[in-house]
Amino acid sequence: MKEKGWEEIPIGGVIDKAGSAAEYKTGDWRTFKPVRDEKKCTHCLLCWIYCPDSSILVKDKKMVGFDYEHCKGDGICAAVCPVKCIRMEKE
Amino acid sequence: MANIKELSEKIPERLGPGHRLCAGCGASIVVRQVLMGTEDPVVAVCSTGCLEVATTIYPYTAWKIPFMHNAFENAASTMSGIETAYRALKKKGKIKKEIKFVAFGGDGGTYDIGLQALSGALERGHNFVYVC
Amino acid sequence: MIEIRWHGRGGQGAKTAAQFLAEATLDTGKYIQAFPEYGPERAGAPIRTYNRINAQPINLHCGVTNPGYVVVIDPTLLSPAVVEGLSDKGMLLVNTSESVDSVRQKTGFKEGRVAIVDATKISLDTLGKPMPNMPMLGALLKIAPLVELDALYEKIKAKFLKKIGEEKTKANIAGIKRAYEEVKIT
Amino acid sequence: MSKVIALMGDQAAAEAMRQIEPDVVAAYPITPQTEIVMTFAQFVADGLVQTEMIPVESEHSAMSACVGAAAAGARTMTATSANGLALMWEIVYIAASTRLPIVMPVVNRALSAPINIHCDHSDSMGARDSGWLQIYCENNQEVYENIIMAVRIAEHKDILLPVMVCQDGFITSHAVEGVKVYDDKQVKDFIGEYTIRHSLLDVDNPVTYGPLDLQDYYFEHKRQQSEAIKNSLKAIPEIFAEFKRHFGVEYDFIETYKLSDAEVAMVALSSTAGTIKAVVDELRAQGKKVGLLKPRFFRPFPKEKIVQALSGLKAVAILDRSESFSNQGGPLFTEIRSALLDESKKPLTVNYIYGLGGRDINTEQIRSVFTDLEKIVKEKEVKDLVNYLGVR
């Protein structure tokens, strides 16, 4: 992103775009990435509630995948999965 | 009380991705889960620390709710001001919504350098949740 | 410009008297100041408070060093220090049961005019307690007719009625009136 | 209808606050500011204002709560003195940098140590680089009027900076003077409603306040602050003009007194300016061409007005009621001297540090400064740049 000049940004250090950090991709911090065996998944959503990077994608109460643009590969999802349907693969 | 599946529908994501906490950091897990505690809109305050600096590196913020960081030792007094402003403006009819308030402090910001501000806020009986 | 210095003890109401004087004279269209000399002193300690009254706006914001009037609310404070800066053209007003000679002797104020009144006795008679400040204000208005007594009474009623009730307000006014009548001027 | 009532400087401040009726006041009492908080708290208790008051446990929390309340969109005020301002320090900067229009009466008092409760300007002068605007008041009338004006100044869209309204501890704060108080409605009409661009309570448009601002943006935010200070020099006269339309009273960044044909002059802030006026009158009656310059604002620093007022004079004594320990004189002196540097018709300038810890400055001392100025004019030379007036 091109850095803006002082006349172009809100005053007082206010950030007026909520959740704008999503534009910053932390996905490239990863050395291991989570991969899910869909068949085994029970959609308990423990992975979702424990993910520190809000990178578990949920639709209609179902786990539908990973946000690889932001997932840092910490492996928490794999660790908390009660049915071990998530494994960490080398990038 | 909702179960996890219900929460995933009822509660909007309040701390989004793209923050720069360490991979696997517990702070953002705690914040996400605490903020799932109400369906009402929430305003959050945070004392200086990892959580604050990693979630709000200008020009980005991971917070999807109104958020303020003031200084290290004053999350409780900052929130006292916000919560009081809310009561004042509600009394005048300028704000109609029911809003909840949560302050996050680290150990230092809470029971070390921030103990006095927290003690004062508790003694005055402001209506907010303080998480350490 | 009239400059007045009040000497009293903390808790005796010197500051209140000076404020009443200022407020009552303000209503006559005059420009006024009333300011105490603050220290860490508490009840019983000697304190000074000041008035400036003028027909023109008062720009001065320094202490009063050459008062035209000195009012001593507590007789035990009498010493040469109370007449410091008071010229022979000025007047010394003292709450005392003693004589003018005794006042002159204790203060060394030989030439100027001295007025005396037993304000402690008056306050004991009227209020039932030694609060000589308001009687001293009455006595001062006799020697320095800055404002009509009735105007002062109105001020006092406005301030006191709610705070201390009708009876005590009337007692204060009676004390002022008596001191106004009883003050002896040389 | 306005009316003249007897008020102490602190009460005049509280009276202005009553009429402004801020949404939130968070304050901690400290001598000699106490009567402001005390009087205003009574107004709250008596139901005369709808203000929500936060009786904080320290000044640090007072300013912290003000920052929170202001960011939440509340019109916010506090008040302090000396050590209280010092304890706020960290958050004083944050309030200005976050661009929150908080108005804070400051009752000037010496900073410890040794501890002293009386007037000097060390407290607010120390905060001169904090990004706050600073107004200095000569008397209780100015205290009252400046606080009312400060609300509009702070909230002006081109400024959005907090404002300190300073008065001299005890000298005016505890002195009763007649103050012309305007009608409540008149004041309310003048200050108007407050709306904030980004409110923390606007949950539908969430914003983040107080982010981590690194090498890539911090400087830009500071540049914005400098611009706001520059803007204030243009925007404040609009408010002066509006104040005059509303109340018939004329204000400016500076006040000059018998200066137009003067040969020498003194420069002083706050109540001392009044005492100097009395001496100027006295010396004028003796045919001496003396005058006074009273800066009303120290931030923004009204450079052009000051230079215009002083250039052409032969010698000027600038009085500082605070030390900056620079060996170059107090803050008022160094800034005015620097402002005059490029002027071709600049006067000789000399500094007097005076009145520290409430030491009375009387007419005799002021006369002595005018005598010194005569000598400087005669000898065309300033022997001692920095002088201490009234010290043993």
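Letters A, B, C and D name the chains as they come in the text, with residue numbers starting at 1 for each one.
The criterion applied here is as follows: a residue touches a chain if its C-beta (ideal position, glycine included) is under 8 Å from a C-beta of that chain, and two chains touch if they have at least 3 such contacts.
Bear in mind that the values here come from a model prediction, so they are computed numbers and not experimental data.
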item	value
From subunit A, the most remote chain by mean C-alpha position	C
Pair joined by the larger number of C-beta contacts - B-D, A-D	B-D
Gap in Å, rounded to a whole number, between the CA centres of subunit D and subunit B	36
Subunit A-subunit C separation of Cα centroids, rounded to whole Å	79
Inter-centroid spacing, subunit D versus subunit A (mean Cα positions, whole Å)	51
Subunit B-subunit C separation of Cα centroids, rounded to whole Å	59
Per-residue overlap in subunit C, given as positions that touch at least 2 other chains	none
Numbers and ranges of subunit A residues touching at least 2 other chains	4, 9, 13, 15, 18
Set of subunit B residues in contact with two or more other chains	56-59, 61, 63-65
Residue ranges of subunit D in contact with subunit A within the complex	97-100, 160, 197-198, 205-211, 213, 216-217, 220-221, 223-224, 227-228
Touch list for subunit D against partner subunit B, complex	23-24, 26, 50-52, 54-58, 60-62, 64-74, 76, 90-91, 94, 199-203, 206-214, 216-217
Subunit A residues within the subunit D interface of the complex	3-6, 9-16, 18
Subunit D-touching residues of subunit B, taken from the complex the two chains share	41, 43, 45, 52-53, 56-59, 61, 63-71, 73-74, 76-82, 84-89, 91-92, 94-95, 97, 99, 116-117, 119-121, 123-124
Complex contacts: residues of subunit C adjacent to subunit D	18-19, 22-23, 26, 31-36, 38, 40, 58-63, 65
